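Only one structure is covered here, and it is reproduced in the block below.
Every chain is named by a letter (A, B, C and D) in the order it is written, and numbering of its residues begins at 1.
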Amino acid sequence: MFRVQNDPIDLNELVRYVTDAEAGAIATFIGTTRNNNEGRNVIALDYEAYPEMAEKELARIGAEAAQKWQIQRMAIVHRLGPVQIGEASVIIAVSSAHREAAFAASRFAIEEIKKTVPIWKKEVFEGGEVWIGTQTGQPLTQR
Amino acid sequence: MKVRVKFFAILRERAGTGEVMQELSEGATVNELWQALQKAFPKLNVPGIRMLYAVNQNYVGANDTLHDGDEVVFIPPVSGGCPR
Amino acid sequence: MFRVQNDPIDLNELVRYVTDAEAGAIATFIGTTRNNNEGRNVIALDYEAYPEMAEKELARIGAEAAQKWQIQRMAIVHRLGPVQIGEASVIIAVSSAHREAAFAASRFAIEEIKKTVPIWKKEVFEGGEVWIGTQTGQPLTQR
Amino acid sequence: MKVRVKFFAILRERAGTGEVMQELSEGATVNELWQALQKAFPKLNVPGIRMLYAVNQNYVGANDTLHDGDEVVFIPPVSGGCPR
């Protein structure tokens, strides 16, 4: 299950998906909108994707994780559009027979997502907004 | 030949559109397409930005040649996942 | 939230508990009953605790994690009694501003649980049952 | 003096009871209690078992002295959490 969507992500759906009789461990990672970033009061994060390629890259991460570690099942769902404080922008769930693999694969997945998956986030903060990662000194887009 | 260019995030905002069809001479590279687009959309030039390139949803190099009907996306630094 | 209980563990309850406006990351770990162990076909795991001390030790693990890493909130709930294949025996949830701390603390917690928390598990398998950790050559208790 | 001993898991099964009050002489240690219990419950002796000791819900050493009213638990290898 490798998907981007506008609806809130359902943690239970992912955990059910990776639940497996052969698994002794499930690791999940939930990325959430934090109310502050680099000294700014954050109001929300707004995610945009190149959706077809984003899902393809998420699946590629899953395939690579399955090659590196003995995992049973994996799911990654990323949310698009505005994500309010405390809400989930991404959830990763991995099951494995032994816990080592689930931990390693979920860690690997979030690091990879931040490197190669064509998803961008605009931070909406008190006083402006900025596309994260493209700052060059000053925020590029002021309200 | 013609390629389809999609813009996302900061590039979409700067181009003022999400998609454009661009006429190119045979054998043009990704980099040549970018030069052409910068003439058509001067605001696309974001100083200091590190960019990746995708053709038909696969990452490619700046000097790869394009073909008629390709879907090309210029990918500004990605920032999905979670806050730092 | 550091608790042992006979009822099934509600993942959502733990995640809600650790959700925090200051957090950008939540890591969870779910230990589940696997259908096999060391070549035996497992039917269920049956957990027993010294409950007051188990909860005290779980809280101690939480306090130690909070000293080691910058975490926001932490919850550990361990189930007692029979836990069927695919069901959760323990769930750990940790939130933190930056993902590093949540990953490290959840990993630390499961390793510590296996060392110091007075909870024992009897494996019920096809052909017998055995208290895990006390095997000395042969399973000690045959049906 | 008297101490309360609780048995769990394999020791509960082997003792055939979850709890027992044990009379001890003043200044008796955890280890001396264990010797006394093994006389009362011969099946408690599990060959090769590594044991920890808790008094009033804190881990203690085998040579710590006990006091009247203490709650003592002999802790066989713990195995909570998840499968290996």
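Quick note on the criterion: a contact is a pair of C-beta atoms (placed from the backbone, for glycine too) under 8 Å apart; a residue touches a chain by one contact, two chains touch by 3 or more.
Just so it is clear, the model here is predicted, and its values are computed rather than measured.
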item: Joint neighbours of chain C and chain A, given as chain labels; value: B, D
item: A-B against B-C, pair bridged by the larger set of C-beta contacts; value: A-B
item: Rounded Å distance, chain C centre to chain D centre (Cα mean); value: 24
item: Whole-Å gap separating chain A and chain D, where each centre is the average of the chain's CA atoms; value: 48
item: Chain D residues counted as touching two or more neighbouring chains; value: 82-84
item: Touching two or more other chains - residue numbers and ranges from chain C; value: 24-25, 31-34, 97, 99, 110
item: Pairwise touch network: line, ring, star, complete, or other; value: other
item: Each pair of chains that touches, named by its two labels; value: A-B, A-C, A-D, B-C, C-D
item: Touching residues on chain B, where the partner in the complex is chain A; value: 6, 8-10, 12-13, 46-49, 54, 57, 59, 73, 75-84
item: Of all residues in chain B, those that touch chain C in their complex; value: 82-84
item: Residue ranges of chain C in contact with chain A within the complex; value: 11-12, 15, 19-36, 85-86, 95, 97, 99, 102-103, 106-107, 110
item: Of chain C, residues touching chain D in the complex; value: 31-34, 37, 45, 47-50, 52-54, 56, 78, 89-90, 110, 113-122, 131-134, 136, 140-141
item: Residues of chain A touching chain D in the complex; value: 24-25, 97-99
